[in-house]
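What follows are several structures.
Shared between the two complexes below is subunit A, which pairs with subunit B and subunit C, respectively.
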Partner chain A sequence: MSSYSQPARRRHLGDKRLIQMFIIPTVVLLILMNVFPLIYSLYLSFTEYSAINPTPPQWVGLDNYKKVLSDNLYWHNFAVTGRYALISVSLQMIVGFGLAMLLKEKFKGSGLLTTLILVPMMLSPAVVGAFWKNIFNPSFGIFDQFLGYSDPNTAPEWLGDPDLALWAVVIVDVWMWSPFVMLLSLAGLSAIPDYLYEAAAIDRASAWFQFRRITLPQVMPLLLIAVLFRTIEAFKQFDLVMGLTGGGPSLLQGTQAVNVTETVSVKLFRLAMPPQAQTGLSSAMAYVVLVIIIAISNLYIRALNKVREG
Partner chain B sequence: MLKKTFSVVVLIALLSIAFTSNFAATPRPVQAQGVSELTIWWAEWDPANYLQQIGNEYEAETGIKVTVVQEPWASYYNKVGAEWAVQGDSFDMVVGDSQWVGQAVEAGHYVDLTAFLNDNGITETVTPATLQYYGEYPTGSGTYYAYPTEGDANGWAYRKDLFEDPDNMAAFEAEYGYPLAIPETWEQLRDIAKFFTRPDDGLYGVGIYTQVDYDAITMGFENIMFSYGADWKDADNNVLGVVNSPEAVAALELYGELYDYAPPGTDNAFFAEMNNVFINGQAAMIMNYFAFFPSLDNPDINPYSDSTGYFPMPTGPTGGRFAALGGQGISVNSYISDERKQASLDFIKWFATPEVQARWAAIGGYTCNIEVLESEAFLTQTPYNAAFAETMTFVKDFWNIPQFGLLLEPAQRYLHAYVVGGEGTAQAALDGMAFEMDEILIAEGVISE
Partner chain C sequence: MGTRASAPRAPATISTRVDKVGLRPKVTRAIRAFVVVILTVLILLPVVWMVMTSLKSPSDVVAVPPKIIFEPSIESFIFLVTERVQFPTRQEADEFRARDDLKWYEEKVAERGQKITRVGDFPKQLRNSFIIAGTSTIFSVLFGVLSAYAFSRFRIPGEGDLLFFILSTRMLPPVAVTIPIFLMYRELGLDNTYFGLILLYTTFNLSFSVWLLKGFIDEIPKEYEEAALVDGYTRLQAFRKVVLPQAVTGIAATTVFCFIFAWNEYAFAAMLTSDATRTAPPSIPSIQGVGRIEWETIAAASLVFLMPVVIVTFALRKHLLRGVTFGAIRKG
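The block that comes next holds the complex of A and B.
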């Protein structure tokens, strides 16, 4: 009897054991891959340390943070990123939402057109950067020709002109990610009940009034989510910049030269990786970026909650 | 059951400790025995394929398999750096950039090869400049950490059909008062670049490095800077008054002027862009590392291959002549076992023999071996080998101290701001660069305030 019941008990795991079996590996992985690096890099941000050097980290207190927050070059990187995020995300909202408004009514071929519009966001940013670099080339690229410049000597150098380079990155980012905003907007638009528009039409409300009082408020939560996602991504912008401009061109501002498209992520990469390999300093900069992203995300989430409550 | 398992684990652990302690207590002669394969890390490009061929021949001779692991240039340094960070043994040897030497040596990543190279007479077989820049650290110490493997430096490719065209020759001589030929001075090169800049025909005089990412514009500029008598530092590592000296300013002004004669769109250009503007007929002359000239000699790639010539760097106003060093030396990883270190040294010793170096050069590698460089077979093997052999006698490099990456960043930024950004003066750009470099050197303790 006992020899029969023993294997039966082994086959049936208790709920508690089952939960542990599923959760423990996840928690262990989370601690190893996320929590530990987060805490360790926080510690490193208070040290002078290079990962490619066997010298152990030397405690320097807040020196790294002081350097990041007091050096003009770092502020320049934050300013570039902020400017880029503001312009790029705003344009993505306008273009993406505009496309969604145009495509919300079904017509012949609208499905195919929607799919084609979504193609850019499915491409690798490194590949997009590489081929847009050719598109912007004043000698043989089609962008200047599209704008009506047939002579490469008078055509704008989008990636080499300090006044245009950031705009070039913005153009590519908008081309690539407006479809994402369009997709979210379409989801929002399709969820608006028809009876709201029917009621407005009975009341002879104008199209503008319907847009302002029905469409926009109904889509707003999804638009804010799109803004949140795109802003976070814009603050992390790296691939496109490296592929298009490498952070350049440089420009003399007063007595100091600055890289006009060098975002914080590009700067962070250069600080952290060889040949600079300033692990401590780059960790401090990463934490400053993290705090900024958390602060901005909180603002958006509060706005989102207000819209939902209102 | 658990107790039994635990006892077995403890027993195995104790036995392992006893076993390894016994071996550790008895010093063993270092031999390469037991090593059946070696791994070399290098960037992904043709010379690495050539080294794999050499490795295959080594396997045929010795039975030891050699694998050359290639990583794209853009991520190569990062990959090696990550391996250094964990003091890893994923590679036995690494073909590292000349500028890495100080960083790798100070951190203990490379094995000291001084005795090995001296005892085997290898130091005498390579050109002094390559031994100094690829292997020696600190400079002038006579201590070596790499065997010069792929010699490389900047040189020039030019369109012979344009240079030898009678109409061009007559027009040039009428305008500048001397014959159109391979430029002997930087001023002549500037004149020729200006002469061939004909935007209406889609032709421009010159292609020069401008890339801001890593070190391209700095390498391009230092060709002129060194030749003009300027330098990155003085004997005491001071930069103020050195990198912004009148000679350096004149050199930067000339580099900026050359950019005026470059094809549109070469505002962030490195080796690939140089070859591209040459192949598509946009540039009469381009600067590039010799390692990238083989594709210009290929008629399937370069429609002007039959009329493409090559020449070394011109001289500066006082006769100074230097070329920015490229290329790499092979070093042994200090984190591998003694047996693997010995096996790696055995490979380098074999690789450094004149016969293998001749073979290395024959399949496309840029040897640094004096005997091979001077041989008629090498000089006539390709249209660019003669220029390469001449260049390897006057190469010069950027800083190679561990802080070189910190110094490279402002150099790239200020040079690009003046040459491509086009605002301010060369003096202002170099003053700013000197100031930032001085601050870095003081902060890093290289010089005192």
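The block that comes next holds the complex of A and C.
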């Protein structure tokens, strides 16, 4: 009896140590590289500090937050990001879902085409942005040619015109990420049981009715996940803008010059890095962004659960 | 965030759908296929244009209107791997060209009135990208597979919270942690080192790797290991000899995803690296030509940099959905 229980207990202990050994590296790394920096920057956000100055951080309370939340200059960046997120995510949903509807039923070669369509989203946004600069060029780029503007003098200057630059970012973003929405939509569409359509067909339901009453509600949870992912990503938007426009061009708004494609992440980077190096202020701004992202995530997760239950 | 699993269906030899009878579905399918082909071509056009631009000569690149048919040239790739200077006068350039000890690539460059001074920065940046992305991938997958196994097979106190915490670190905007990490790295002397960026990318990918691998390991029946344990294997042996071989597909997919994320990463690389350790993504947008913007060189660089990812996307197509949603959605 005892000869059996002995090894069993040892193995149990072994398991416990094994779990610790297996999990500890991950947890330690995440705490060191994520949790600690977050706490550190929370502290910095309440101080007046510049990383390129030898002066140690000075406690200023909520001053940085007041500045970020009251200064029009920063509101501009939030407004740009919000506008960009709204337009870009909506278009991605339409294009991505449209593509998925076309690819829903398989035909010869549809697998290959699906994979080809997915290529853009795997590419590096910064590099993609740099190359789209060429595509958007009014004289030797293909975009304006494609739209039918053959004269470079009258062709729209996508990256230089303050009215168009944000649209240029949106166009590239939609090009890159509609495939993602398509991929999720396809997963949702393929999970709809056939008998629902069969029943509808027997009842002679119209195609539109089938779409509205069967297809849409069934894929809704996955569409919401797509919206959640893309909205969060839109608020993190940085690489593409840096590669494509660098935040510009600038526009005189009242007495202040503002950069029309400068998203919050780009602004943050500029603010944090030398020569500006306003470390305290940029930490406060980072926290405002963080709170917004957490809020959006929560909102969508709630909506998601509601859809699932209903 | 799982999805409904569809019940396995017997392969139907004839369609049972009432609405699928007749000729019309065949026609609509042909139309749909045609539309999809057109759209795919449109979507790939920018990539095709990139390939074309990389094969153009400097004068063709800026031709108005843009040239669709042109004489291919590989000058761009010579430009990409070299650092050049312009000859100050036409005469000097001609004299240089007249020399007969020039290599073919020197001659090509000399035709543009330029002289190669040294090997360019791009090969080094590409090598840096490989070293940093490669090493960090190995570590994130290694730590990831260990944690994923533990989470998958054992009841761990606070498991749900811990897993959520791991996931939430990936939802953070990188900019929120860049400032403190920049300061931390400067203090520790980790900025502009391979180790610093490898450490960062390892952590960056770890949450992803744990979640994705957990999904794969969950699918391996527990009975396999239990049988091995009964046969006298220790838990570690069972993990190594039973679980790991079963999880090979998942590990391979995770590896490639981690590699692509690290390969494409821009923000941290732009902030934490300069000359010696700079990777390709922050370098390509800032390629400076000699006396002009060398679009063909930028196109060539982008092409060389993006090609591995394009190829890998095909290899990964079965796992793409899983990969891009953190393993939350399994069906593809």
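Following the convention adopted for this analysis, the second predicted complex is superposed on the first by the 297 of 310 C-alpha atoms of A that agree within 3 Å, B and C clash if a C-alpha of one lies under 4 Å from a C-alpha of the other, contacts with A are read in each partner's own complex, and residues count from 1 in each chain.
One rule holds in what follows: a contact is a pair of C-beta atoms (placed from the backbone, for glycine too) under 8 Å apart; a residue touches a chain by one contact, two chains touch by 3 or more.
If you're wondering where the values come from, they're calculated on a predicted model, not measured in any experiment.
Asks: With everything superposed onto subunit A, say whether subunit B and subunit C fit together or clash.
Replies: Subunit B/subunit C on subunit A - steric clash.
Asks: Mind telling me which of the two, subunit B or subunit C, contacts the most residues of subunit A?
Replies: After superposing on chain A, more of subunit A is contacted by C.
Asks: May I ask you to decide whether A:Met33 touches subunit B, subunit C, both, or neither, giving the answer as first, second, both or neither?
Replies: second
Asks: Of the partners subunit B and subunit C, which touch A:Pro274 in the superposed model: first, second, both, neither?
Replies: It touches subunit B, and subunit C stays clear.
Asks: Which partner does A:Ser139 contact after superposing on A: first (subunit B), second (subunit C), both, neither?
Replies: Both partners, subunit B and subunit C.
Asks: Look at A:Ser250 in the shared chain and tell me whether it touches subunit B only, subunit C only, both, or neither; answer first, second, both or neither.
Replies: Touch status of A:Ser250: first partner only.
Asks: State whether A:Gly61 touches subunit B only (first), subunit C only (second), both chains, or neither.
Replies: neither
Asks: Contact-wise, after the overlay, does A:Leu290 reach subunit B, subunit C, both or neither (first, second, both, neither)?
Replies: second
Asks: Looking at the overlay, what does A:Leu118 touch: subunit B (first), subunit C (second), both, or neither?
Replies: After superposition on chain A, A:Leu118 lies in contact with subunit C alone.
Asks: Per the contact definition in the header, classify A:Pro152: touching subunit B only (first), subunit C only (second), both, or neither.
Replies: Both partners.
Asks: Which subunit A residues are contacted by subunit C in one complex and by subunit B in the other?
Replies: Shared contact residues on subunit A (touching subunit B in one complex, subunit C in the other): 51, 139-141, 152, 242, 273.
Asks: Using the touch rule from the top, collect the residues of subunit C that touch subunit A in their complex.
Replies: These residues of subunit C touch subunit A: 1, 3-4, 6-7, 16-19, 29, 32-33, 35-37, 39-40, 43-47, 49-50, 53, 61-66, 143-144, 146-147, 149-151, 154, 156, 162, 165-166, 169, 171-184, 186, 199-200, 202-203, 206-207, 210, 229, 234-236, 260, 263-264, 266-267, 270-271, 280-282, 284-285, 287, 295, 298-299, 301-302, 305-306, 309-310, 312-314, 317, 320-321, 324-325, 328-329, 331-332.
Asks: Show which residues of subunit B lie in contact with subunit A when the two form their complex.
Replies: 77-78, 80-81, 84-85, 87, 99-100, 103, 106-109, 199, 202, 211-213, 263-265, 267-268, 280, 282, 402, 404-406, 408-410, 412-418, 420-421, 423-424, 428-429, 431-433, 435
Asks: Within their complex, state which residues of subunit A touch subunit C.
Replies: The touching residues are 11, 14-15, 18-19, 21-23, 25-27, 29-30, 32-38, 40-41, 44, 51, 99, 102-103, 105, 107-111, 113-132, 134-135, 139-142, 145, 150, 152, 175, 179-180, 183-184, 186-188, 190-191, 193-194, 197-198, 201-202, 221-222, 225, 229, 232, 235-236, 238-239, 242-243, 264-265, 268-269, 272-273, 279, 282-283, 286-287, 289-290, 293, 297, 304.
Asks: In the complex formed with subunit B, which residues of subunit A make contact?
Replies: Touch residues, subunit A against subunit B: 51-55, 137-141, 151-153, 155, 157, 159-160, 162, 242, 245-252, 255-259, 270, 273-278.
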